[in-house]
Amino acid sequence: MTVQVGVLGATGAVGQRLIQLLEPHPDFEIAALTASDSSAGHAYRDVAKWRVDTPIPAEIAEMTVHATTPEAIPDDVDLLFSSLPSSVGAKVEPPFCEAGYVVSSNSSNSRMAEDVPLVIPEVNAEHLDLLEVQRDERGWDGALVKNPNCSTITFVPTLAALAAAGFTLEEVHVATLQAVSGAGYDGVSSMEIIDNAIPHIGSEEEKLETESRKLLGTFDGAELTHDGVEVAASCNRIPTLDGHLENVWVEAEEELTPADAADAMAEFPALDLPSSPDPLIHVFEDPSRPQPRLDRNLGDGMAIAAGGIRESTFGLQYNCLAHNTIRGAAGASVLNGELLLENGYL
Amino acid sequence: MTVQVGVLGATGAVGQRLIQLLEPHPDFEIAALTASDSSAGHAYRDVAKWRVDTPIPAEIAEMTVHATTPEAIPDDVDLLFSSLPSSVGAKVEPPFCEAGYVVSSNSSNSRMAEDVPLVIPEVNAEHLDLLEVQRDERGWDGALVKNPNCSTITFVPTLAALAAAGFTLEEVHVATLQAVSGAGYDGVSSMEIIDNAIPHIGSEEEKLETESRKLLGTFDGAELTHDGVEVAASCNRIPTLDGHLENVWVEAEEELTPADAADAMAEFPALDLPSSPDPLIHVFEDPSRPQPRLDRNLGDGMAIAAGGIRESTFGLQYNCLAHNTIRGAAGASVLNGELLLENGYL
Amino acid sequence: MTVQVGVLGATGAVGQRLIQLLEPHPDFEIAALTASDSSAGHAYRDVAKWRVDTPIPAEIAEMTVHATTPEAIPDDVDLLFSSLPSSVGAKVEPPFCEAGYVVSSNSSNSRMAEDVPLVIPEVNAEHLDLLEVQRDERGWDGALVKNPNCSTITFVPTLAALAAAGFTLEEVHVATLQAVSGAGYDGVSSMEIIDNAIPHIGSEEEKLETESRKLLGTFDGAELTHDGVEVAASCNRIPTLDGHLENVWVEAEEELTPADAADAMAEFPALDLPSSPDPLIHVFEDPSRPQPRLDRNLGDGMAIAAGGIRESTFGLQYNCLAHNTIRGAAGASVLNGELLLENGYL
Amino acid sequence: MTVQVGVLGATGAVGQRLIQLLEPHPDFEIAALTASDSSAGHAYRDVAKWRVDTPIPAEIAEMTVHATTPEAIPDDVDLLFSSLPSSVGAKVEPPFCEAGYVVSSNSSNSRMAEDVPLVIPEVNAEHLDLLEVQRDERGWDGALVKNPNCSTITFVPTLAALAAAGFTLEEVHVATLQAVSGAGYDGVSSMEIIDNAIPHIGSEEEKLETESRKLLGTFDGAELTHDGVEVAASCNRIPTLDGHLENVWVEAEEELTPADAADAMAEFPALDLPSSPDPLIHVFEDPSRPQPRLDRNLGDGMAIAAGGIRESTFGLQYNCLAHNTIRGAAGASVLNGELLLENGYL
């Protein structure tokens, strides 16, 4: 029983990754692609500047791109993956949900809304049930689920592993070294970043600080309480193509040794979903790992890599990494789609 | 009254920068160059693989390179700049000092020795008087002065500015994004770093954590007390050529606003030495600055750049940057040489 | 007697370089800046995203930007430097010339027009007199002079040096390795070029093949005859910031040895103009030079560097390099302005 | 019937690629690894600094590394893959051949020897019979087969395709843009190549010019006659990790149109060997392709990519690309091993 799916914003960087991941997917079949009005009516091949490192799938290349409106979507489509710019997502996602579509979205709009589940399946699958609240409140037949920002996804699973092992996290500092693909194909010009680093990514720090607390929070069936951990983030863009690397300092209420942390991360369970890698967190002993180019493709780009776990002047210190356009964006949405399917929302 | 100076380890990356800085210097004249035994006896042009972006000075090119021993140095040389590998420096610097030479060294050996001044002139010029203790204890006619590690030099002036403005610093987190030149010409291979970042630089974090406390410490004329600030560092190598960028979080005993910090940094005084830039700390309002490629050459590579000064979840947060082979290495040694001259040690 | 000048298209990459070069210029004073209508009326500081590696000159920063129309230019301005997109240049440059302005333009429009001098002063200063023909034909009080494409400027001086030494050039092959700045600030995205090269730059090859023949041609006072050398070009974009490197093969009618070529290039004369470097062509013996990062700033970015001059399977082979936004664009226009001044056109 | 194979020089860059390719190979099983004397006796995991982007195979990691001498190789090994430095290869390969081993070597020594087949299976498989001559002359039980230099392998298949389609090639110019991995892990330092290009690779041009003529030559059963095509090469190192891109100009005796060339390349046959991709040459219509990052992995890194096929001022012009450490080195040796197996030499 294959689910017919659509991709909203299919020509962009994340849209292309979505197609790359969905085309061979065991449960999903791409039945609709949308883009801006100027692309609607054209063959995907002609409007997408395909830049993923595997060839454009032949059938997809010939598909006609639709406008991004509910009317344009074929009737048999049940699930939509959205990678729209957030300003567009804010406008068009609600009408799709109202029209009955389930939307698994990577766009940043509505991520912090009280009745919108923000989900990393291995971390907080139970938050999905917030959809009941959402449907009650909004009167939607469809549903809207979000995955977090790529830089949030990179470090939150490591925090969740520590929490799952019984540690009460109090203070977290995180510095990010983010790849250029996180800004989209044209987001960072070559003259800005060759032989350079940029210590500022608009609104990014706030996302790490707030989304992490929501993800680690508790849903009691009616309301979601954000976690008490306090996070301070500092975000940098560096000249890497893919893979966000993060330096993390953690202070817990309890004594937390590097060995404790390594065990907690290595044992943090994966899920039995097609895109959930096992192990979820790959723990390196070599202190010089993980590195973006060497480790971003672990678990087909869906694993979290951690290493350099060591005592710090304050608490514990380590590094982690994830592929920002797979685990951090397109793969995150696909995984949420798999969770929606498993939990009967499709 | 020009001082005749020598450069120990003149063929390396820092050695070449030393020559670039010393050749036009108003008070110093290069009278001796040393390198490994295999280079001794050859013209500098033939043994140095000159890679600095200004041409090799014509007179220097023709100078004969000496072995790195006191006997090989001409008599009229008073001051030696040392940029030797630390294992070599540990062996050969003491004999030079014993033979009466004043050595301004960038090498990491002995930086934390109790009777060796570790100096950034604008930060702790008064530590230079530790040389009296050193001479007493070691019976040297010469003297050994160190400058700190390049990544230490980048952020300590900003801490010193806050301290000078009356803030008592308690906890500091610092994440570094360090340029490849910090590892020397052959220190980082291209295959290691293109499209990559390496979250580990051997012993580097300890240097930031310990050298900073010594630099900010108090010398009472007899003994040096290290400062109480606690520092936790996380060090990364990224694909930039020059310029170390650092993300800093500071928690002070007192309330410390971004405006306080910006004022403290902007007003922190330069010194009246040829290589001390004015202002010492260039404070940017644009939150995306400083950036390595755009800002490393401020003050001829001797300025510290700071920006993104903002409230943090914990205390204050900002970014800073310095040119690692000028302010962070060769220029640091030259500046210490200027301080030695001014204070009558030559 | 300082000439008042204006910059058309002052906010772009070449426009910023023009300002960097003109601000300290001995003979020119910036009196007007123009940009698109949306920037007109604003302070330059607010509409230019300044990315040159020297600070924006304080007076320039405060200047009000004008629309790019003759009416907007102050009366005392005599000379305009144009770095407009070619489609814009094609529309607006003629009205400026008709209104009496002398325009030294880097834009590619009209470069091959029969009555428009295409000039590298050290190569074909005598072509400037084509302006008499131009004024006759077009009835302009002003005048329009062009400099060639950045990749053309890099290799033509070396061909001119060989021709000046008496060699009759027949066949030239040239492969270019061009820096990203040649495409403007946003011309090449980081995702396109990190760890990559692009063997195609639209219309670039034709420019090298045709502009070179015009530059090397003969002006008899009435008509310009293009040179008979045949050129085949292959153009590539690579991940360098500035400096176009080119591999050249030359076959001449006469025997042409590497020594002949090296002498011809080293002795090719500079001009007595403020921006013409001496020597014009810097000839390296080291076969691994010139290299973009090490050699693009020779002669303040206005020199041509050549090296690796060697026998080839066919004729002669060598490499050459020039700074593409200085010698290849902004500096080329400024140098043409200096030639116009010297020859009494201002 | 799996053939037991050994890897000589297993710790280097090409050695690691050999292991990556051989480990899942259908016909070969790794039974021996050798390296320098200092590595002998240690587990492979401990002496190889594994940097390939797939994990080190678990069984290989635990294998004990041998010295590079015939005595150290287990008896049941029949085929050796050699990726030794050429100076070492020149010394140790002959003794292995004398001891009865068949050696498929990527090292540059002996490539141009009259009785050593230099083979790209799809281009000149019939040259393999030169081994009969070799065994007669040298009295070896074993045999020595070479694959060409990585930059030679990239463009020769395109020339072979044109020759196979009936065109008589006369003059070829080729400019290379070569990746850093071609120089080995430590061959190019990051300071040499970030924001830079180097127009010189020692002895490389000669390899393209001479190896190409041998590969395209004719073996009559007794003697190998080199082809008459004349090749002029210009070699550059650029900041790419993998994938050599080449600009080629070809002049043929007959009229040769872009369409002829595209057809000839697209139809040039692959072989029925495990590592020979089908198609062998992937022809792009998009003139901006092939590009190293996007196209180096075509055919699992064993395909040749060609594009930008166009008329030139002289003859024809196009670009081609191959993965330099797979098709250009490790994969080339493996493919030769497969040819040796098919032709009964094992």
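Each chain gets a letter, A, B, C and D, in the order it is written, and its residues are counted from 1.
Convention: a contact is a pair of C-beta atoms (placed from the backbone, for glycine too) under 8 Å apart; a residue touches a chain by one contact, two chains touch by 3 or more.
Quantities reported herein were computed from a predicted structural model and do not represent experimental measurements.
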item: Most distant chain from chain C, judged by the mean position of its C-alpha atoms; value: A
item: Pair joined by the larger number of C-beta contacts - A-D, B-D; value: B-D
item: Chain centre separation in whole Å, for chain D relative to chain A (CA means); value: 41
item: Inter-centroid spacing, chain D versus chain B (mean Cα positions, whole Å); value: 47
item: Sites on chain D at which at least two other chains make contact; value: 51, 194-195, 239-241, 293-294
item: Residue numbers on chain D that touch chain B, as the complex places them; value: 13, 51, 180-181, 185-195, 239-241
item: Interfacial residue positions of chain B with respect to chain A in the complex; value: 171, 173, 175, 177, 194-200, 209, 230-232, 234, 236, 238-241, 245, 247, 249, 287-294, 307-308, 312-314, 317, 319
item: In the complex, chain C residues that touch chain B; value: 51, 53, 194-195, 241, 293-294, 297
